[in-house]
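See structure below.
Letters A, B, C and D mark the chains in the order given here, with residues in each chain numbered from 1 onward.
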Amino acid sequence: MIRKGVEKMNKFTKLAGIAVLAVTVAMPLAASAGDRSVKVLGWGAKSGPLKSFGVNSEAALRSAIAQINAAGGVKLGDGSSAPLEVVSYEDSACKKDQNIAILRKTASTTDAIVGMGATCSGSCQAMFGVLQKKIGDASDSGVQMPILSDTCIRPGLAKISEWAFRNVPNEVAMYDQLFAWLRSENPGVKTFSGGTETDQGHSFITHTAIIVQAAVRHGFEWVGPSVPELGPDVKQGMKELQAAAKTQHWLMGDTNYSVQVRKIKKQDPDMILVSSHPFSACGFLKEMKRQKVNQKLLVGLTSSASQETLNGCMSAAEGLIIPTGFAPITPEAVSANEIVSKAGGFLDLHSAAAWENAYLVKTAVEKAGISATSDTVAEDRRKFRDALASISGTAGLIGPVTRDGATGEASKPYVYVQVVNGEWKVIHDPR
Amino acid sequence: MDDFWFEFVEITQSVGDGFLFGSTYALIGIGFTLIFGAMGKLNIAYAATAIAGAYSSLAVFMLFDVSLVIIFIVSAICSAILGYLVYLACFRFIPVHNHLAALMASVGGLFFIDEGIVHATRGSPLNFPSMFSEAYFEVGPYGIRGDLLFVFFIGLISTGVLLYVLFRTRLGLATRAVAQQDVAARLCGMSIHSTNSTTFAVAGLLGGIAGAMTAAAVGILSPVMMLPLTIKGLIVTVIGGLGSIPGAIIAGLFVGSFENVVMYFRGIDERDMYVVALLFIFLVFRPNGLFGKTITRD
Amino acid sequence: MLEVKSLSKNFGGVKAVRELDLAVNAGDIFGVIGPNGSGKSTLVNLISGVFPATAGEILFQGQSLSSLSPHARVKAGVARTFQNIRLFPGLTVWQNLWVARNSAEDTRAEGISYRWFRKSGPVKNEIDAMLEFSGLADKGDELASSLAFGEQRRLELARAAATKPRLLLLDEPAAGMNHDEIRDLDKRIRQLRQQGMTIILIEHVMDLVMGITDRIAVLNFGSKIAEGEPAAIQENKSVQEAYLGQSDGD
Amino acid sequence: MDYYLNLINTIGIHTLLGLSAYVLLLTGQLSMAQAGFFAVGAYSASVLTVIFGWSILPAIGLAMLITGFLAFLVGFPALRVRGLMLVVATLAFGEFVRLFFHNFRWRVTQDGVEVGPDGTMGFSEIRYFAEHGWTSWEVASLIWIFVIIVMALIWWADQTRSGAVLRAVGEDELAAGTVGIDVTVVKVAAMTAGGVIAGLGGSLYAHQITMLDHHAFTVLLATFAIAYPILGGVSNVFGTLVAVIFIQGLLVEGLRFLGDWRMLLFGALIVVVMNLKPRGLFDSQTLRWIKNVLRLRLSRRLS
């Protein structure tokens, strides 16, 4: 198990080196190409504990755009074609004020027609709040800048502003499907319980409002602390559940999970939910292993379907099932995966979305027919935004993505992956 | 009656786990205490050096396959070196009586170490080999984690060694002399700086063990552990009474079990609030902590 | 003026002051002498309220000080200096006096700026007078920390005097001074007495004490072993015993 | 332009945060509670504008009062401890406030949508400025009017005797007591003033950032609060401003071109500065230097 870890580590370092090269080479290329270029600006967490998010997304975005440019760039309004250019990829450190700073910087000091960020749902929530809420609302002095995000996954964020768009999986459908499938696959599994990290908005809300209800919906029986209000509908009994199950929840930075695990073990569920980021998910899983909890099924949060989980607790995570918006199952996905890992990143559900976003931008630009000159930036942004809103579907890496212009949300295909022998394996493909 | 018995078992179990886990807090607390005792200053970067030590030992472990004992030693040594570097960077060249500057510098050190680790690992949590995690003794209704027991004993041993060094050796004598009367000590021809740097190194050794122990007990290393550990360590130091090693140990074990009990009854959202409240209670009723002595100078 | 009734102070087991009785008349310069560790400084700290007495009472002009905090005692009219000088090093000489001056009774003396106040503030004249008194007139705007040792002592004396006390406690003001400085100090203390202050002088330097005081109390091991006119004290057997073999007192 | 105004606003808000710690530092109290007060100010002002639909100014005013009162209450127990005990005690208080808001729920339905603080999910869409069509210029001027007023007041207080008294307490409490300064009053007053200023900063921050949750008010923010006056030096109120510009302007925004290395350099530079200028970037000697330069300029002009 350690051995694998070693290889992984060494691979990181190699790839990191290549990444630096790739980026340094890519930048001048993008700059020099043609007199006109369609500018985009990206940002994410490139420092702080969530560094990997930013690094992976940047690698994906840059490689995808390089690929697009290699294939001739994008068509402009006047029929000519121009390359896409990543003005820069900023580090927002997952901080609200820095995200807002970068947004305003992008909007006011660059010709970028779309901002592609950012890591951390809380930061996005703040950032979206700075945007103009309704298009063309003169009384609203919010920033008018289209944002296309790959990582702000907390439910229902894009509705904050009509300028905000996301390309994140629809977790409600994703988990609904997951438990329907698990139900049919494992008739023996009846009861379930589990916990989440209460200081991370996304994990917390997804667990208590979506995942648990979805499990209930498909006939699994909640054996945690009794919550009579719990029901099959999204958010049904959410507050009661949050209150009742607080003694089996944890925090992202926790080091001791003995009480939580003991409580869950005592309930002896067939299926255990660990709705948490790798940092604490690993701690929790390891504690479960120590206390020899013997569940039949182990279900995780989509954010944990990443390399970090394997780095953290390969063996303890064995058998962990997670629905995710990405897996190298289609030719496109496989090749994208190779390209991005050459660029020093890993393709997971977030960075894959970043890759898709590059192509989404291409489609929207060509639909909008922008002129990409420095004096038409404002109207280009507006055109781009409307085009983006009008797109009802694109080809994602693992299948068609349908978009809803009104809410700015996407509904992506997804697959179910499981940790098998220390690797992510696709165990079911509902597409 | 039956479920009462059950509850009782569960509660005592939680207390036990917390108690064992508290030994990591205790070690961090001792580190703060040592440095405070020697210089009257707070080295905020201390817990960070501890974790950093564990990280570097992990790197060693990944490069060549070594036994767990080695890991602890490596971690201790690395953290000792880091501790010394922190001393050089944040304390050595700052005027002795300028506490604010030293405090701020050590904060800078914390940021630097934290971000440095993130930079090296992309912030990804890393698997830390937990020694005999299979050893899980079932004593009647109770379960005792072998590795936590081990952690606890390592904690005891290192503390014992530390106390011996402090009260039975010349170095310890010097340290305590400097701590009590640095001017007088200087007059006796002791070099404040060498004494202080050794103190930092010794504290670092301890921190390295604490870091490795925490990592082993959790099973992973991640940068998000750093800040909570720092805060817990500080709380433990104050509850134990600034500058009192036995105080720090007892406070550490106590806080560990206390927070577990609160966790058991009140849940995660209130756990830390109660720990903080505990600190306030101490500050109100025992402003000098468990073993703190009132220092009166005119 | 000041009455100390069976005053005691214990630090843990140590009895620093035991069952002490004193009576100081208004306008006197009252000397307190005694070997090191005889409880002289403790007495000052008790009167100025640095720490509370274990037992006994301190009456100042008939009212008890026991319940008052240090600053309240200053307002009541009791000021002090410290054996180891305690100025506000970061403040200018003038500010040191300023801070002390106003807190006596009138607090309305706020100004627009330090410079303005320094030129034409309500109590400017009095503070300048104190500056004169301390002989630091030309150093008013320098930081207290930049002063020489002797100057610092003078400033501290002036600062204590600036609070307009009726009773002034001087804790070894001559410590570490040379003869000229001591003569100078002697002059200053007499000046203060002329301004109507009662003074308690704690000192090792015998010729200063003997020359200036009206009455002297001798402490040993925290209790009074003698009291009387300087001349009488010099004759006193027990005092001589107390000081026998005592090589200190400069 | 918008970006630079935004940066200027951030600098203004953090200056207020730093000044709230500066006032306490003058009396020798190193308080890690400022982030807590900042949070209280932020949440109360936002609740007033979002839930009660108040206009911004009265909301800020009441938020300042609330925070000030809280700080006043905290002031008394804070007297019992000093030095590092105070640091940890106030740190604990800040954490307590943070954890309180982590659990703080107050949801009301306004024309169909739920608004208000929602525990971990935070308190989003505090869009008073945008909704009322404030331009970035207007926002910036509002913030900086407050900043200038506060700086002017503190600068002035520092000139008057009150300032001298604050510093006297900071330098030697015992001596201060024995020259008739009521140390209790001074310290509690300073704590209250610090609270009011932090409350002001917080309420401006909330409306600038539009979204609050407990992550924003961690020990990190408390550390920044004390870092500004320490880095800037307490010899002068402008030191704090200089430090804020140094950290927010240079280290955070200015070093963006360094990419991943930016935050790494952040800590290192703090260490370097503290070693080179332990009494702060803007300490008395720097001040003297500047004065001399100005005087030279003047004399040259005159001659």
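A few points about this structure:
The rule is short, and it goes like this: contacts are C-beta pairs under 8 Å (C-beta built on N, C-alpha and C of every residue); 3 or more make two chains touch, one makes a residue touch a chain.
Please read these numbers as outputs of a predicted model, since none were measured by experiment.
Centroid distances built from C-alpha atoms place C farthest away from chain B.
Nearest to the overall CA centre, using the mean of each chain's CA atoms, is chain D.
Chain B and chain C, compared by their mean Cα positions, are separated by 48 Å.
For the pair chain A and chain C, the distance between C-alpha centroids works out to 73 Å.
Annotation: 31 Å between the Cα-based centres of chain B and chain D. Mean C-alpha position of chain A lies 35 Å from that of chain D. Listed for chain C are residues 50, 82, each touching two or more other chains.
Residue positions of chain A with contacts to 2 or more other chains are 47-48, 51, 55, 198.
Among all residues of chain D, those that touch two or more other chains are 102, 174, 260, 263-264.
Put simply, chain B touches chain A in their complex at residues 10, 13-14, 17-18, 21, 24, 61-63, 65, 115, 118-119, 122-127, 129-130, 133, 136, 143, 145, 147, 214, 217-220, 222-225, 227-229, 256, 260, 263-270, 272.
If you check the complex, the residues on chain D that touch chain A are 1-3, 5-7, 10, 102, 120-122, 124-127, 129-136, 208-211, 213-216, 252-253, 256, 259-260, 262-264.
Those residues of chain D that touch chain C in the shared complex are 156, 159-162, 164-165, 167-168, 170-172, 174-184. If you check the complex, the residues on chain B that touch chain D are 36, 42, 89-90, 93-95, 98-105, 107-116, 119, 227, 230-231, 234-235, 237-238, 242, 269-270, 272-273, 276-277, 279-280, 283-284, 287, 298.
Contacts from chain D toward chain B in the complex involve residues 25, 30, 77, 80-81, 83-85, 87-89, 91-93, 95-96, 99-100, 102-103, 174, 218-220, 223, 226-227, 230-231, 260-261, 263-264, 266-271, 274-275, 278-279.
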